[in-house]
Every structure is written in C-alpha cells, then in structure tokens.
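Once you scroll down, you'll see the structures, which are given as structure tokens.
Presented sequentially are two complexes of subunit A, the first with subunit B as partner and the second with subunit C.
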Partner chain A sequence: MLKSRNFWLAIIALIVLYLLPLGVSGYVLGLLTVAYYYAVAAMAWDLLFGFAGEVNFGPSFLVGLGAYTAAMLNHYAGTPIWLCLIAGAAAAVVGGVVLAVPALRLRGPYFGLVTLVAVLLLQNMIVLFSGLTGGEIGLDIPEVLSIDDHTNYWYALGFMTISGGLLWGLSKSSAGLILQASGQDATEAAALGFNVAKHKLAAFCISALFSGLAGGMLVFYLGTVSVGTVVDIAIGVQFIIAAVLGGRRTILGAAIGSIFLIVAGEILRPLGELSTFVVSAVALLVILFFPGGFLGALRPRGQG
Partner chain B sequence: MLALQILVDGFAVSALYGVGAVGFTLIFGVSGVLNLSHGAIMVVAAVTAWATAGGLGFGRYGGAAAGVVAGFVLSFATYLLVVRPIQGSKAIPREEKEIFVLTGTLLWGIMIQEAIAYCFSNTPKTVLPLAPGVMNILGVRTPVNEVLTAVVSWVAIGLLWLLVNRTRGGKALLAASMNPRGLTLLGFEMTSIHRKVWAIYGVLAGIAGVLLGAFLGVSSDNIGTLTASAFSIVVLGGLGSIWGSLLAAYVVGYLETLTAYLVAPSVRTVPVLLLLVLVVYLRPQGLLGRR
Partner chain C sequence: MTQNLLEVTGLVKRFGGLVAVKDISLSVAPGEILGLIGPNGSGKSTVMKCIMGIVRPNAGSVRIGGVEVAGWPTHRIARQGVGIVFQHSHPLPRQTVLEHIEIALLPDSLLKLAADRHVAERARAIAARVGLDKVMHRLPRTLPFADLRRLELAKAIARNPEVVLVDEPFAGLTSGEVADFSALIASFRAEGHAVLLVDHNVKSVAALVDRVFAMYLGERIAAGSAAQVMSDPKVRQVYLGGGIEVAARPAKAAEGAAPLLSVDKLSVSYGKAQALEDVSLHVAPSEFVSVVGLNGAGKTTLFNAICQLVPSTGTVRFGGAALGGRTAAQVARGGLVQCPESRELFGDMSVRENLDLGGQHLSPAECARQLDWLFELFPILRERQGQAARTLSGGEQQMLAIARALMMQPKLLILDEPTLGLAPVILEQLSKALERLRLTTDITVLLGEQNVTFALPHADRVYVLEHARIVWEGSPARFAAEAGAAYL
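Now for the complex of A and B:
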C-alpha cells in the first residue's frame, strides 16, 4: 500500500514539476535546476545508506570526482560534453570501488571516517595541484549544457526523473531487497545464501555512477567547478540531511528533502546568515520527532 | 636548531590535540556516542573566553574560566537536547541510533556554528593568552603561552587519570566503558553515569577550546575541521581508548609540525590523512584499540 501511494504521490509531484515552467520565473527554475542535481546525489546516497547500510560521510567525494573529471577534460582537451559526463561517471565509479574495499571490512564509525578522509584528501589534492585544477578559486568551463533557463530545467528534471526511476525501481527489485537484508544483518543474509560482498559492491558502483553523473551535469550547468560547490564537506552534509529529512530507505524522500532544503533556504533568505541556522534547526526537529522523515510521517501508524 | 624548534612546538600542539581528543574518546567509550558537535563546543568556549575577557572586562583568567563554563553548559545542553532524546526515542530502531546521533549532533554543530557567525561574525579570534612574554627552552625562543598550553593540557589529562583510576565514581566510568550491563547489575544507574561523563567531557572540551583560542586562534569556519581532526585522532588511537588517543595526538601533532616546517604549512594535514587511511586499512581497531 505504501508502495503504491508513494508511487502515485511521485507521479503527481512530477506532473506539477513538469508544468511549472509555464507559471514561474527563470530565477525559480534556476534554483530548482540545482535542487534536482542535488536530489540525484541524495538519492544515490540513500541507496548506499538506506539499503546497503553503509554510513558514507563523503558523498561529495564521488560527486566531486565526477565533477572535476568532467570539467578538466572539457577545459583542457575540449572533449564534447557527453564524453566528459561519461568519463566523470567512470571516474566516480572507480572512486566508489576504492570506497567499497574498506566498507566490506570495516564497521560503521571506522568506515564513516574513511569516507570523511577521502573527501579531505580530494580537497587537499585539488588545492595542492592548483595549477591544474584551479585550486580554491575553481576552474571555468568553456561549454555549458545550455544558456536557456527552460532548457536547463528540462535537462535537470529529465535527469532526476530517469535517475530516480531507475534507483527506485532497483530498490524495489529483488536485488534491492537482498541489499537491504545485507545492510541490516550481513551474517544472516550471507547465511541465506546471498553474496553480500557482490551486492554491496554493486550498490557502491551504482551510487557512484549517479553521483558522478550528477556532479558532471551540475558543473556543465554552472559553467564552473570549485571545491566549494561540489567537494566541500558541507555539500556532502547537505545530501545527507536531505535524505534523512525526506525519509531514509525511500529513495523518493531524498529528492523531496533536496528540493525542500533549496526552497527553504531561498524562502528564508531575508533572514540572511540565520537561514542556515533555521534550516538546520528544522531538520534537527524532524529527526527528533519524526525520525522517518517526511515520507515516514505520512505512513500509517503501526507499520514499520 | 630546527629539530629543537620542531620538538618544542610539536609537543605543545600535540598536548593540545590530546586534551581535545580525550573527552571525545571518553564519551564514545562510555556511552557509544560520536559527538560531531565537538568542534562547535570547543569554538564556543574559545569565543566566550575572547568576548568576556575583552569586551566584558573579565580579564584573562576570568575570561578563561567563563570559556570553560560555556563548554560545560553547552556539552550538557547537547546531551539533554539532542543525544538523550534520540537514545530514548521509541520511533528510532535500535540499530539506527548511531546514525541518528551522528546526524543530530552534526546538525546541532551547524546550528551552533551559524549562531556564532551571526553573533560574533566568522573572523578569526585570538583569546588573550594566559601569560604573556617569551622564554628560552634549550635555545628555542618559545612564547610562555605555548609552555602554559602544554602544562595545562597535561594537568587536565593527569586529573582525568586520577579521577578515572583513583575515585569510586571514576572507576564506575571506566567499568561502563568495558561492560555497561555488568555495571547495571551492580546497581549503578547508567543515566547518572552518562550525565557524569558529559560533564567531564564539557570541562575538557572547554579547556581545549580556550587553550586553542589562545594558542592558534579560532573561527566559526574551523568547526568542521576541528571535529574532523578530533575524530581522526581518536580513530587513529583506537575508539574509546584514552591512552591510544594521547599517543595518536602526539603522532598527529608531530607529523603535522614536521610537515609544516620541512615541506610547507599548506600541506600539513596530508601525511596525517594518508597515515589514517593506512592505519584504518591495516589495523582498523587503531593503535591501542580493543576489539
């Protein structure tokens, strides 16, 4: 029942989002465009955390790898955008495998630290080789997806719909169920004859693939890449908050959370510096009182 | 000469790292909480000391005391407002408490960070040093404040050792980190032990924050880095092991100082991060950790 209800909610929401460009300004569309790219990264994170049970503090490691690979290829070699995106996704998958190796051996907090360190190392490397990467200032990219707000909006919304659909379908498939079982009790899942290592490795690769693509797309929308927009820990924290806020283990919740965070940040802009404070406070209250997030709060009582 | 300089500077930085990390590891050992608002609590202590010593005219000692009190109060608030509600919540499945505590304290830390930036701006602040002047150690000109940092850090660690090993209440804390169920069976109330450990943690974080503010200066922008470095030190030493954390603090402190002097200050954290990855791969329980 939950399954069908969430599904129909998502369809209705998508119809609204697809009709949105008829009624709102280019500025709002621009905001939502960023929110959709964030949403894909947050959904990819939810696949790892909600289903595979891996506490990944460094989603921005995967996003950043994809973003910088795509950006540098375009900046130095003039590679066409689609090829840059594929290369970025491939680089992120390699990063995902690098993270998966310790994840299969380490418990929660230790693995969490490895992912945190991965982000810090990537950040340090970018600053260290600033001649190549643009360092703290960032790198500008000669090509962008489009300069038209509407076109960019369609790209982002289409990308989010397809990625979300694929991730959601995967999470509902038998492979998703096995993954969920491995995340909750790896020993029991293995005892039932499932290959836990294989499923987790696949989850890392898929999560990395979508994170890397989201990073690449974001870069070609913004026209620039910098540590502050795709690698910084604060960015990764935003994906995590979005996924937990929307409702973990739902995939769709991560998208709702991302859009909420961006829109709330914008509505609270008049508060100036306090807007982040208010958003964090709201997120903390949701976690304390509705641990299931937005989608969990909709769920009828006595279930789950 | 350079070697001596590194030896002296590294010692003070390491002692400071040690006192900052010991509280973090104590909380984890006793109550299983990784407090990601650690950096925020330290910075609040430092900023309080800075504001009261200068603006309110408390003087250097009054300011330092106010800073430690602020760390203590905020640590209790963290426990009462964030950690305990999550631990006691029936809606959160037991195996997910850990990630909820992590996310909750992380958000709490961000809130504190934004509040500091709003009230005092995010410009770097340096707390009035407890003692001015310069002295000569083995031919190295060293600020008295740097010596004092090392001394105060070690006195705090020494007092913690006495408390944990020589008093009845302290021994209960140690026991709680080894076997909480056994301790409950002996008639100890776990909640009162948790309150106690958060109180001790608050004082230690307050001291570390004030010393850090006087030695290196703090800014609300450092909060994430501070939490990450305490986390790294504690994992390097072995989660929950106090001696491991101290050893790791010295490894990290000296490695950073060596890199800063011999290579470049901008890459000082890189060798530490690489070492950390190596240790976590080869010896996940850390240097002195138990399994």
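Now for the complex of A and C:
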C-alpha cells in the first residue's frame, strides 16, 4: 500500500538526513537548513492545494507575514525568539483567515489572483514603510537561533520532521479525508453533511500556521529579513514548484521537491546564470510528463 | 394521516429575469416514491437543488419532517435528513471504494483524527448492500460506470437520510443494471424513507414510482399516477405536441442520389460510458433531417463525433470524402458547420463582431450580402448589432448562434437543440426562420431536438435516438403513431 510505502521511504530518508552531519561540510548543512525551512512552507502549501483544492499563488504572503512579524518584534522590542515565533505564526494565521474569506466566495482563477495581489500588497507595504521595515535592504535581527552550523541544521531538520509528521498525519486523518472531499467537489461534500467552509477555513489556518513558523525560523537562521528572501513572488513560486514537483496531495513530496530544487541549484552553480534555467527546465519536464510528481511516478498505476 | 417527510409549498426560484421554478408545491410521505419529471429546462433539477439547499429559493417553504429548511446551507439540510444521489461522481483519486463510503460515515468534525471502529464494518455492510463488495478495495477510476453510480448510492445510504433525492437514476445504465438500481431504490421505500426521483420522462420511472409530478417551463402541468400523467393531455402536448404538425416535402433528393452526409457504424465512449453505439444515418443534399431523442440519448455526442470534436470509431463521409483524421476546423471550413447546444457565443463581443467572425473567410462584398440576408431572416439582430452578445435574451442568443453558423455558408448545418430553455413565443420565431431557410435555400440541415413539436414540422425524415442507438427511422407523418408512445 502506498501509505505505508511512502511512510517507510520517509523514515529511511530521515535517517540519512539525520546521519548527514557526520560526513558533509558546514556549507552543505547550511544549504540543507534553508531547504528544510522551504520544505515546511511547501508542505503547508500542498495542504491547501492538494487537499482543500485552493490554488494559493501567494504562499510567500503567509511566510512573509510570519517572518516580518517575528523579525520586527525581535528588532524593536527585543522579544525572546520563541515569543517572536509564536507572534509570527499568529500573524500568519490572521493572514490565512483574510485569504480564506475570498477563497470561500470566489471560484476558479479569481481566488488565485487575489492571493497574487496579497503578495504584491505585502511587498509594497514593506517597501513603503521602509523606515520601519528596512525596505528593500532588509532588517538586521539582533538574535539568531545559533551560530553553529550543526545546531542550526538540527533545528531545521527537527522542525521539518515535526511539521511534516503533523501535516502528513493530518492529511491521512478523518478530518483530512473530509477536507479532500470538500476540495474535490464542495457540493457533494456539503450534501453528505460536511460544513465545507469550516473545513477549508481550518485548512487555511493550519497552512498559515506552518508557513508563518517556517518564515520566522528562517529569519532567525539567516539573521536578517528581506523582501527577496521571504516575500518575493519568485520565492512563492519556488514553494509551488517544489510541491508540484514532489507530487501533489502527498505532503511528503513537497519536502522532497524543496530539497531537490535547492540541491540541484547548488550542483549546477558552475553553470552560472544558466543553472536556474536548467532547474526550471527539469521542473517543467517533470510536470509535463509526470503530472503526479516524483512520488506519483513511483506509484504503480491502477493500484491503491 | 401520516405526516409528509418532505413538504414543498409555493417554491419560487428566479435566475435574473428567468423564473425557473414558479410556485411549485409537492409532498412525499414516508414509504413513498414520487417521480418529478419534465423535459430539459423545465425546472425539475432546480426544485431538487432548492430542496438540498444547493441553490437558495426566492420564496416558498421546504419542510423536512416538519422543520422549515428553506434557505439553510446544504450541510445543515443534509444533517436534517436529506440525502442526494448525484448523477455524476467526482471520486477522490487515491481512496478506495470502501474509503469513499467511510468518508460518508464520518462526523463533521475537525478534531476527528481516526474513524471509529464500527465505521469500517458499516461501510462493508453498505458496500455489500449496493453490490460493491467485490470491488471495495479498488480505486474508483478502475470501476465501470454502473459501479460508480452504485458508489454514489452507497454514499447516500451511509447518511441514512429520511428523504432521498435521486437525480436521473437510470441515465447511462443497461437494462440489467436498471433492474438492480430499481430494487435498491425500492428498498428505500420499504424502509419507510421518502424518495424523490428526478427524470426526463415518465416511462423510465413509471414502474418504480407511486405518484408522478410533471413540470414544464417551471410550472406544474400534471400530477397523479404514472398512467394518469401519461394520458394527461397537457403532458402529451409538451412531449408530443398537440396534434403534431408535419410538413414533409416531396423527397427532393431522388432515391439513389449520393448522400451529402453518411454516417456508418459510429460509436463513441466516454471512459466507461458508451455514449453512442453503432449509429448509421444519411442525409441527402437539401434534405432536412431531425434526430429526436431525450436528453442524454446521445444527440450532442453524435454531432460532435460527426464534426470530429470527439474521438470515435466508424466512418463519417461528407460529400463523398471520409472525415476521419481531419481537424474540427478543417471540417467546418469544408462546409459542415455545427451550431452547438451551448451556443458558444463570444459573450463580450458585439452581435456584429460575432457575425463578422463567422464570415472571416468571405470577401467583403460577399460578407455584406450574407449579412443583409441574415438580418432579413432574423430582423431583431439588425437592431442589436452593437450590443454585447451576453446581454441578449436567450432567444436572441440562439438566433445569433444560428446566424453566425450561417455566415460560414455551410452546405450542411447541424443545429443541436436550438429550443433549449426558450419560451414558446421564441420557438415560433425560430420555427418561421427555419421554414424560410427550408423553402428559399437549398441548404441541408441536421436538427437534433428533444422537443418533438418543434422538430417534426421541419423534417423530411426523422431518426429517433434512444440510449445511444438509433431505434426508429421514418417520415414525420408516421412518427406519432409508431414512435410517439415510446417517447413519453
């Protein structure tokens, strides 16, 4: 069965990742640290797209809200990191609710456009109030999680493991099934007595919670927050590509996709500007020929 | 007197200016099956959606076991005890049949992470009841069409609703499967549930229902036993026309003349559903041929297959040349033009722009001549030239769609269900325009219709399409006597 197979694959992959610090350089660990934070954002996005059936083109809106809230609290008020993270996650959840309102009213491409505009609005606000937010240059953060590569790696890997486990478990739970049914055909789900609005709203909140946390953790790793690292549309697109590449409706695929994108970008770095092109082309080919993504391509056809 | 489980009174639903449901009142008692019938556009599906809360009624009351639910959201109405068996299913891709039934058994809770143990047992029992026990561990996409319908039935059973709505229970099923489904639906009655069957004609549900309620253009036209409704003069008029007018011309095409269009053993299947089976027909030059059949009989599929819009097996020859392998655009440029049921107008473009698009390949002088002729045929379009197509009334849109097709100067025009959703007065205008086409040009027309009253006066020859097959062919004059009864 797919369920147990994906689960065991994930366990094996995690063991490898946990053993990795024994054998690779701090530079590689740093790369993977970023990849793990991206992975959480991508998995949270898959919960909305793959299960709730809502195409959110602005995952970086939620990540950015969490990142900037956490960063600014720490910068101006010296709030402890754990409290900043909670506040960032809370801000992202508020943002998630704000997105959910139009999502439950609009159909098709219109909701996607709203999410796109949300990112642009956030980006503009940050630039507009540059005195407060650091604008395009960004904002320094006095505290970081750690200055040690290994410790940072453990934080990120632990965070990804726990978030991924929770999101995956949720997607397999009864509530996750109802959410998936609501995404597939809202009328039919409602006719079975399910309050579709309630389930989708919950999905938005959970997705936002993990996105916001990922944004917060990322800035406390980087020690700085800027539009280019957490808000820009290009960042959001990267989460989306990662999730689709890894396999829609799998949660775990999103993590695989994120790690693949960052590792592939690094391996191809000698190509210079061309590396982005090659990675994009590979992503395009996978999406064209294996619409089920990496995990979809692994699954034997016609079997459950 | 027992209390009715479902009680609808004075139900009204308007979509913009269109009144889809006018003051409908009906009731279903426990242990009773009511058939709600009506032709396409009669508002029967809207009544069903109003009961389920999928659309919100403008006025009137819907009571479930005495509780007023009009205006409630769907999920609350469902919990009040209403279940619906949809005609089409959208199953989840990675869940098995059994898991689908289990979903329907889950409580509406965000915190429920694992299903209770009895859920799996009940799901198995339900699968066995509807005949899915052999396939319950398979994915829905690997199932035949009838099993997908069984799955929809199973999901409705899982909620154990007091009131069961069934949308077109037998569409797309073979006769053996129809018997199975009838037995399953009858078991709802035996358990004391109230059942509402929504279908196009009385015939298909007559054996199963206790009473029938017939609708036409949003209004009640008859109610009573199946036999009473079938013999009701109003019902006969709606389905057969009041004394069908026929006007077959003396055969223009001499016997033996090469047909303009000949279709041989055409078959189409959509996934598991056979939409067209071994259909053969021919149309002579300048002939007006009608294909009549109820909704879902396969008319649109036939036309789409002829125009190479859907893949098919069999041969289609037009003007002697086989069309297989040509693109839909090549077919249209070759003079075989379809005016589709859905009209497919360019809504944001003006009437004139829509027409000009149809005349793209004509020289400016020819285009102007063709426009003049069309404005004479449909004078209302001349007045509406500058208006955006989407702001036209339904009847005007239909005229525009036909006019746009005629701008292409087709040799053969296929008209698919031109009367869909139109009021009688508009039908008359359309009818006159078709009559003029027939008398003043030598165009060939293949007309697909559910409305026999509209189709027969414009036909030299008639085919009856039923369940994906041609079941009758003959002259309009013989239709009422030979095929009319089967058509109710």
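One rule holds in what follows: the second predicted complex is superposed on the first by the 302 of 304 C-alpha atoms of A that agree within 3 Å, B and C clash if a C-alpha of one lies under 4 Å from a C-alpha of the other, contacts with A are read in each partner's own complex, and residues count from 1 in each chain.
The definition used in the following text is that contacts are C-beta pairs under 8 Å (C-beta built on N, C-alpha and C of every residue); 3 or more make two chains touch, one makes a residue touch a chain.
Note that this is a predicted model, so its numbers are computed, not measured.
Student: Both complexes share subunit A, so when I overlay them there, do subunit B and subunit C fit or clash?
Tutor: After superposition on subunit A, which the two structures share, subunit B runs into subunit C.
Student: Based on the superposed arrangement, let me know which partner A:Ser173 touches: subunit B (first), subunit C (second), both, or neither?
Tutor: second
Student: Does the superposition put A:Leu288 against subunit B (first), subunit C (second), both, or neither?
Tutor: First partner only.
Student: Could you say whether A:Gln184 touches subunit B, subunit C, both of them, or neither, answering first, second, both or neither?
Tutor: both
Student: Which of the two partners, first being subunit B and second being subunit C, lies in contact with A:Lys198: first, second, both, or neither?
Tutor: second
Student: Just to be sure I read the superposition right, which of the two partners does A:Pro142 touch: subunit B = first, subunit C = second, or both, or neither?
Tutor: Touch partners of A:Pro142: none, neither subunit B nor subunit C.
Student: In the superposed arrangement, which partner chain does A:Pro270 touch: subunit B (first), subunit C (second), both, or neither?
Tutor: Touch partners of A:Pro270: none, neither subunit B nor subunit C.
Student: Which chain, subunit B or subunit C, is in touch with more residues of subunit A?
Tutor: Partner with more touched residues of subunit A: B.
Student: Which partner does A:Gly23 reach: the first (subunit B), the second (subunit C), both, or neither?
Tutor: Touch status of A:Gly23: no partner.
Student: Between subunit B (first) and subunit C (second), which does A:Gly131 come into contact with in this model arrangement: first, second, both, or neither?
Tutor: A:Gly131 sits against neither subunit B nor subunit C.
Student: For the superposed three-chain arrangement, which subunit B stretch in 37-45, 145-153, 181-189 or 217-225 runs into subunit C?
Tutor: 181-189
Student: Subunit A residues touched by both subunit B and subunit C?
Tutor: Dual-contact residues (subunit A): 184.
Student: Under the stated contact criterion, what part of subunit B meets subunit A in this complex?
Tutor: It is residues 34, 82, 85-86, 89, 91-92, 95-96, 98-100, 102-104, 106-108, 110-111, 114-115, 117-118, 224, 228, 231-232, 235, 239, 266-267, 269-270, 273-274, 276-277, 280-281, 284 of subunit B that touch subunit A.
Student: Along subunit A, where are the residues that touch subunit B in the complex?
Tutor: Per the touch definition, subunit A meets subunit B at residues 49, 55, 102, 105-110, 112-114, 116-117, 120-121, 124, 127-128, 184, 233-234, 237, 240-241, 244, 273-274, 276-277, 280-281, 283-284, 287-288, 290-292.
Student: List the residues on subunit A that touch subunit C in their complex, please.
Tutor: So the residues of subunit A in touch with subunit C come to 2, 169-170, 173-175, 177-178, 180-181, 184-185, 187-196, 198-199, 202, 249, 302-304.
Student: What residues of subunit C sit close enough to touch subunit A in their complex?
Tutor: Listed in rising order, the residues of subunit C that touch subunit A are 52-54, 73-75, 78-79, 83-84, 86, 89-96, 99, 102-104, 106, 108-115, 137-139, 141-142, 155, 158-159.
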